[in-house]
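The first chain written gets the first letter, and so on, giving A, B, C, D and E; residue counts start at 1 in each chain.
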Amino acid sequence: MRSIGIADTMFAKADMAALAIKIINESGKRLKIFRATVPGIKDLPVAAKKLVEEKKCSIVLAFGMVGREEIDEVCAHEANIGLIQAELLSNTHILKVFVHEREALGNTKKLLSILKDRTIKHTKNALDMLFAPASLTARAGTAQRQGSENEKYFKLG
Amino acid sequence: MRSIGIADTMFAKADMAALAIKIINESGKRLKIFRATVPGIKDLPVAAKKLVEEKKCSIVLAFGMVGREEIDEVCAHEANIGLIQAELLSNTHILKVFVHEREALGNTKKLLSILKDRTIKHTKNALDMLFAPASLTARAGTAQRQGSENEKYFKLG
Amino acid sequence: MRSIGIADTMFAKADMAALAIKIINESGKRLKIFRATVPGIKDLPVAAKKLVEEKKCSIVLAFGMVGREEIDEVCAHEANIGLIQAELLSNTHILKVFVHEREALGNTKKLLSILKDRTIKHTKNALDMLFAPASLTARAGTAQRQGSENEKYFKLG
Amino acid sequence: MRSIGIADTMFAKADMAALAIKIINESGKRLKIFRATVPGIKDLPVAAKKLVEEKKCSIVLAFGMVGREEIDEVCAHEANIGLIQAELLSNTHILKVFVHEREALGNTKKLLSILKDRTIKHTKNALDMLFAPASLTARAGTAQRQGSENEKYFKLG
Amino acid sequence: MRSIGIADTMFAKADMAALAIKIINESGKRLKIFRATVPGIKDLPVAAKKLVEEKKCSIVLAFGMVGREEIDEVCAHEANIGLIQAELLSNTHILKVFVHEREALGNTKKLLSILKDRTIKHTKNALDMLFAPASLTARAGTAQRQGSENEKYFKLG
């Protein structure tokens, strides 16, 4: 049985990981779940890499929330660079599921909608990457969005 | 028979990879094609590295589209840093074929033209790098552009 | 007996490491403490990695203070990228405990409050990561803050 | 006999590599030259690393031109980070010879002057690094410039 | 007998390395000195790493000067990222001794003062890191500055 890793933070303003676990369990897929919670997003890269290397996870979902200040955006940039390095060093996909407060400043309803939509869709993406990778190619170049409605796409030639 | 890898995304607003595969097939070159589709551009680096290391691809084309927001440009920067690292860790060229929405804001015709031109020319570049590397040196310093007409160039000395 | 590493700087305007050591000692946890002091924050990444690899520390706290100028913020960015790389290369958590002067310009009282609160809470986080990792998951997504009061958080679905 | 590598691009608006090869040949030094031409500057890091590792080059000159747009400057930044990583992974110097269009906007004569001066001087630097490293120390701290006249320098103490 | 490495550039407007060597010799410490001079600051990371790995230096001082233009600041950022990577790959401290022209624009006297003070203090820091590391901890959190007077510091708790 394969394993899926979930890395998340105490800093985030909502428990995205719990929702992800619910989605995974409801999917009926046979998967062992390992979860590691860290203080903030800059702690996610090594947490995700350890889930791959020490828990043998075949894929990891890394959930984070980015505060509204400029320094928070810099932290997110550092975390993303680190998560991509973690992927390259472990040859394993780590989906970077970040929600930025700036996406919905002062609009709690919109923020919650983004949080749910992005979490659900990326969790399903992770399951598809494990169990149905061809289904991603079937949707290639179709402007899929996580956190909002898909956008309009174009036919080439 | 050598292999070529194609990594692309569901986020993009057009299926550049399908056009690239058409170009490769029409070239008559004997090449096995492996394709991996991921959610977004930050997922491309490890996808490309896995095509090299697990599928033994001799070169990879990584197709991505960059949204119009500042955060999208930051993602592209992170993806490019990761793709270059993937090249260095695998000693294999990964052509970074990105189209930015900001290149043609509100101009769908121009956007489609860039998408087609850049995809076609970079796919031909990849084929030349595999089968005719000297042909690139023959065009060195001649202001070759992908996505638009070539620019004017200068003679040195 | 496990070991905890503490890396800090001569540049900082307060001795956060001494406070951290006091917290660790008062915790009653059986832990050997190794400390390395360097000139500035850009020297922290290799200092922290050496604490892991040469002193066998199971976790490291890296304390730094960031000056008020733009160049200081760039240094902090470089240090953070390096600290995350050090974590990835050693598969060990290094908590990045940085206080920025810009957080409390011209307000010494606020600066001291941030220094103390962030140092104490991150030291406790490190102890929890070693001795009670499940306690972090119990607080996942609850907007925990180090340096100030926690923020308001939301229930998802 | 040692080897020198030359990596350059089709994107550049002048053939700096040809001028460099002329300088190397006129120097009378016994050196085998290997050249790799790639599409653009972001392809230079792995090309340079392959020249070191696969062609056993003792040093590499990497020539690139940076367009006038902000996105071009970002590409140059990514390429430079990659070239420095290539040096660290191969323990070999790769001289980063980049000319930015912004250095001489709308002034072709100045652009050509920079292109020639920088190419010639950095090619000679590479030869000195191979055959006369002490000659660089003899010029240490003397405000040497490639692309323009040297600047004024100061005596310390 | 241990060795200390010194990496510096021809680009700098003053010979900081010569002053550092004078300080080291006057210290009476038994140390072998290895020096490598390169064209500019982006060449320092691999030069420093080679001093560690090929000359077995126990510590390295990397001296550089940063020009007044924005592009120079970008180069310094790239060099610093590379120097930190060199430290992580070699598990050895490389002190990054950079002077920025922007610190003293149009004020030669101030520039010279910064150059001397930063060079002397960081050279002494390097000696202390080799021969008296506890003396750095004794000064932890005391706002030590290189290039100017120390700043005011605070007692915590």
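Going forward, a residue touches a chain if its C-beta (ideal position, glycine included) is under 8 Å from a C-beta of that chain, and two chains touch if they have at least 3 such contacts.
As the structure is a prediction and not an experimental result, all values here were calculated from the model.
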Neighbouring chains common to subunit C and subunit D, by label: E
Cα-superposition angle relating the copies subunit D and subunit B, to nearest 5°: 70
Cα-centroid distance, subunit A relative to subunit C, in whole angstrom: 25
Inter-chain centre distance, subunit B versus subunit E - centres from mean C-alpha coordinates, in Å: 40
Junction residues of subunit A - those touching two or more other chains: 81, 85
Arrangement of touching chains [line / ring / star / complete / other]: ring
Chain order around the ring, beginning at subunit D and proceeding next to subunit E: D, E, C, A, B
For the subunit E and subunit D complex, residues of the former touching the latter: 8-19, 22, 35-39, 42-43, 45-47, 49-50, 53-54, 71, 74-75, 78-79, 81-82, 85-86, 89, 108, 111-112, 115-116, 119
Touching residues (chain side subunit A, partner subunit B) in the complex: 73, 77, 80-81, 83-85, 87-88, 91-96, 100, 122, 125, 129, 133, 136-137, 139-146, 151-157
